[in-house]
């Protein structure tokens, strides 16, 4: 911690507090109330917030700093998950070897792909990564079924060898016996707050990932990556070959994705090929841009935003809508429900698409810019701060 | 994941490794199983595809679920509850508790489906999960429910693996499977097309496609057919012309399309466009077979399905009392006849509710026990049995063909033959279903 | 024996002969100006030194080693830095960061994965960068974004970046183009100081004769791709070929 | 031989579809410098123009036929399309039957208008924004379009057959002494695509409008300085690109029943084609389209699959396009016919 500057330290502490108190923060509405639908404080979703946060942070190290837009990052997530599940199948349900292997395998895999793809830049690079990911997906879904269990997804069976499994070993994913699913529920009046061990493991990894990201952002290495984004020619005429830098960034962000994949499998030991489909890679890109490219906190926000929509809005069905508006006169109630039902439940994609457009049109800097605007309003800052504002928006590391 | 309860909390793991002591959390022993309903209502989780290629099937499943809930709570005309051979259901909910439900979107992706099911279990307290429109998703969610300690009543899933190598004690399948399709189709095909046919298979290159192809090949070869070739086609294929073209000169006189959904529509369209059905090969008319039919999907292929044989789990034009009652209440509520996906999910919901009533508990182990070996009738498929050993329903299978002169947009298929249950039955240890382990029922908490 | 020896360099683009049998010899520790009318091939020649272009024939030797066939960043590592006609700077970074990068490159070489050390913690490099900014009198602008600088400042920044690498040879492509007279004089003073203090060899392409004759110890005149004269400044002034090249032989 | 001949035809057919989609994409990129992730959606809208037209043509009056019953036992509703009532049995039914070709006339104004609205209303504001922003906003738009289509027409594919006259196949192989039947509609599709491609090229090559646009593609500022309103022309080009995508969609419906997500299915492929051809190069896109189409067709032959399987490369048909595209990009940095400096930052 002493290696962080004052602002970075407060950002980190803020994230740490948010992560630790997530079960409270995400569960603001009492159980059983109409608004409880919007609660996100249950273990699975909280785990996802943290895991996709890690993924987006890692992606941002590549895209945000170097400007290389990888459209195949989901492949590393998938490879990480597969490695982790194989560890469960071969060794035991302990998540430590699983996560270690998933990071290593994703690292090696990204080294190979990065070595080839980074010979090109711009859209050529993006399409190369996209094609590698699509190949991985196609093969995982069909030919590689012995390795990946194809359509169904790789999972642990009772007859798997599990060589390290003792007679008393836990049958579910665990950290030296502490089961990931263990949840302590705190009932406070009508509220029920769930403290899940798996979530806290993810949250710790998120904090670690976030801390390393800050360090990278503030390091000479990070400076070089940003230099690559702004002017590769000058960097070359400064005696630096940009390739090893971009490759290192690519591998680091691939390892982040592998970590996320390993964690995902550790929370829920199944790895499906869809994880590697191009839309999954696209989702990572969207998370990062939505949150704010090149900002530290943005990608985490973007990840949370998209996962929240996917998990909360898709579950609002017409019946739920009718309960919400039941106090209104029937005609009005039906009219409102009729309009809203295009945007929630099976229409959640529509809402997401519209929000993408709104955010990118009105907040070019993503959610972070929105946040900054609000903060500025609150602080009553005047417009004369234009230079500072422009600088903040343009300087990736802020 | 057996401890995903919303309110309970859980035992932590044994002490292991370097002697790390597990924290002893406060443990609520009040409930013996996951999400035991405490109030006056019980929550079921309907997990269906609402986005993606199978969204229409998902929507139809959801309609059927809503209808089933209405009937269970005593609303509507009661539908198949009136024809169901078991009379345990009284129209007052399940075990006196009002039935409520939550819905989720599987997106036809294993990951999303599991996330959605988990949120139903962890957040909404669902005591049973049901739905789905593909085998990959069904198997993934079934595995989750086994770990979490809730019952899974599979929706539309046709792969042998669901009740074969991936069977689970907490999972139950009413829908038929690839083996049954083969066993039901083969005699009909033999009767119509003779027993010296040469079949060419185009097979979707993933687990379901493989098991289905294997089943059909074995069944038809048993009738004397010869398999010329089996070509695997990528899932993402939209234009099958390059797979269909070689069929013409392969010497085959039957083309079997082991495809579903969009793949089926496109491959069938290509095959018809290439004029396969107008060909005469080996002095026999060239024929096409689509082993797994779905009316919703068949509609997408338009005229091309006319006269083409396949199998389905159920069809609304059946004339037994159960079917009539179901079609009537569904049709009156929504204005069109239900699909087989709607039928199987409706039946699954009723079967689950009935099992709860009969066992007097929502405890998955009690429910499972009540379902295992359960024999019933009046649900549209004739006498049916949930086999205890693999949780697969055994019942008659329909052989259908595309109707030549449809009277409406729903009138796409006609039932050619109802293949009796005995003919599609197989032993539990049949090689196509080998390798699985049902395990023990898991009540969670 | 000069530090940079160019022999018989030819370069053509399609049918256009941009450089024909160019010979050039830049002596260590001097400021060598290359002048000539527009399109004479000055920038092309410079591009051949830094690896941006590869001559068709001929040799370019720097410090006894050939510069041909190696990549720009490798050429730079041998001690050749270049200031471009349109400033090539890291415009999205601050002035201070712009100077830090060459300082790190100088210290760490081509690639170091120093991902966990802190820029703020690298005291030696930072001090060097700060000193550099003071040298070009830009220390008050160190937190500005490079893109927001004036054209003259950008050029000075680029010069600072090149100088902070302690190059053996500094190539300057019109270092005062577009500068106001006062700025130009500052730049002349700056370059002279640097040369005096650090004895860096410089090759300067310049149009402004005031700059050329204030700085250069030797001048090469390029016209239509060939060196038509190479001499001391005082001799160049009255050189007939030079006058012809500039005035088109109209006198 | 027959098989090879058929696969050549298949390759040309697929290739023409790929080329047509990629052509519109690269046109938008080349003229406007915009990475349009909604291009697949435009293709899909084209398909649904055909669906919509056939729905319009089959708008019906409903009469009850007491002699027949529907599935609930009520009198059967008999639908008579208005066009049949108005134009008589034969003309009316012919119009319904020909809805796909008729949809071309319907799609052109719709797509031009849509392209115009899209460019003026949205894309225009993104010319100076980073490509990442363009991707995000057009991707968002693609999702919105596709969800609207889904809400209107459902998720299942909708059959839109070719006119009866074109159902079936013709033994084209007989012309060169082979036995190889090929479907009429696919031949028409090929001819149609080639015509459209030729039309776009001649439009750009031989009209003043086209010349200005090409000049603008090469150097926008200079052309702007000549006092030519290049923006207006670019808007029109966006409309043209949308129309090309739409027409590709209309004609593709009898081959592939339209569904709401087909745009996304084609998106990745069309980007691969464009990039292999070289960003911003029109001939490159066409060349790459045909190349990849043909390769894909041959890769799906059993003999080829068997050959690669022996080399431990099973299912080569799944990855051939990507594999070849990667090799091309690694050997030719800017694709087959790309220009330097385009989209490399």
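Per-chain numbering from 1; labels A, B, C and D assigned in written order.
What we mean here is this: contacts are C-beta pairs under 8 Å (C-beta built on N, C-alpha and C of every residue); 3 or more make two chains touch, one makes a residue touch a chain.
Here the structure is a predicted model, which means the values were calculated and not measured.
Novice: Report the chain whose CA-based centre is farthest from the CA-based centre of chain A.
Specialist: Of all the other chains, the one whose centre lies farthest from chain A is C.
Novice: Averaged over CA atoms, how far is the centre of chain B from the centre of chain D? Could you give it in whole Å?
Specialist: Here chain B and chain D have centroids separated by 35 Å.
Novice: Once you find the CA centre of chain A and the CA centre of chain C, what distance in Å lies between them?
Specialist: About 46 Å, centre to centre.
Novice: From the mean C-alpha coordinate of chain B to that of chain C, what's the distance rounded to whole Å?
Specialist: About 74 Å, centre to centre.
Novice: State, to the nearest whole Å, the distance from the C-alpha centre of chain A to the C-alpha centre of chain B.
Specialist: 33
Novice: Using the touch definition from the top, which residues of chain D touch two or more other chains?
Specialist: Where chain D meets two or more other chains at a single residue, that happens at 315, 318.
Novice: At least two partner chains per residue is the criterion; list those residues in chain B.
Specialist: Expected reply: 51, 55, 59, 205, 232, 234, 236.
Novice: What parts of chain C, by residue number, touch at least two of the other chains?
Specialist: Not one residue in chain C touches at least two other chains.
Novice: Is the chain-to-chain touch network here best called a line, a ring, a star, complete, or other?
Specialist: Shape of the chain contacts: other, as it matches none of the listed patterns.
Novice: Going by the touch rule stated at the top, which chains touch which?
Specialist: Chain pairs that touch: A-B, A-C, A-D, B-D.
Novice: Using the touch definition from the top, list the residues of chain D that touch chain B in their complex.
Specialist: Within the complex, chain D contacts chain B at residues 2-3, 6-7, 10-11, 13-14, 17, 68, 70-72, 76-77, 150, 154-161, 167-169, 179-183, 185-186, 254-257, 259, 261-262, 265-266, 296-298, 300-302, 305, 315, 317-318.
Novice: Which chain B residues qualify as touching chain A in the complex?
Specialist: Chain B reaches chain A through residues 1-18, 20, 22-23, 25-26, 28, 50-51, 55, 58-59, 62, 66, 101-105, 109-112, 114-116, 118-120, 122-123, 134-136, 139-140, 143-144, 147, 161, 166, 205-208, 232, 234-236, 435, 437, 439.
Novice: Quick check: in the complex, which residue numbers of chain A touch chain D?
Specialist: Residue list for chain A touching chain D: 63, 67, 69, 116, 119-124, 127-128, 130-132, 134-135, 138-139, 142-143, 278-279, 282, 285-286, 289-290, 293, 342, 347, 349-350, 352-357, 360-361, 364.
Novice: Would you mind writing out the residues of chain A in touch with chain C in their complex?
Specialist: 3, 5, 212, 215-216, 218-224, 226-227, 229-231, 233-241, 244-245, 248, 252, 387, 390-391, 394-396
Novice: Considering the complex alone, what residue numbers of chain C touch chain A?
Specialist: 50, 71-74, 76-77, 81-82, 88-94, 97, 100-102, 104-106, 108-122, 125, 144-145, 147-148, 161, 165
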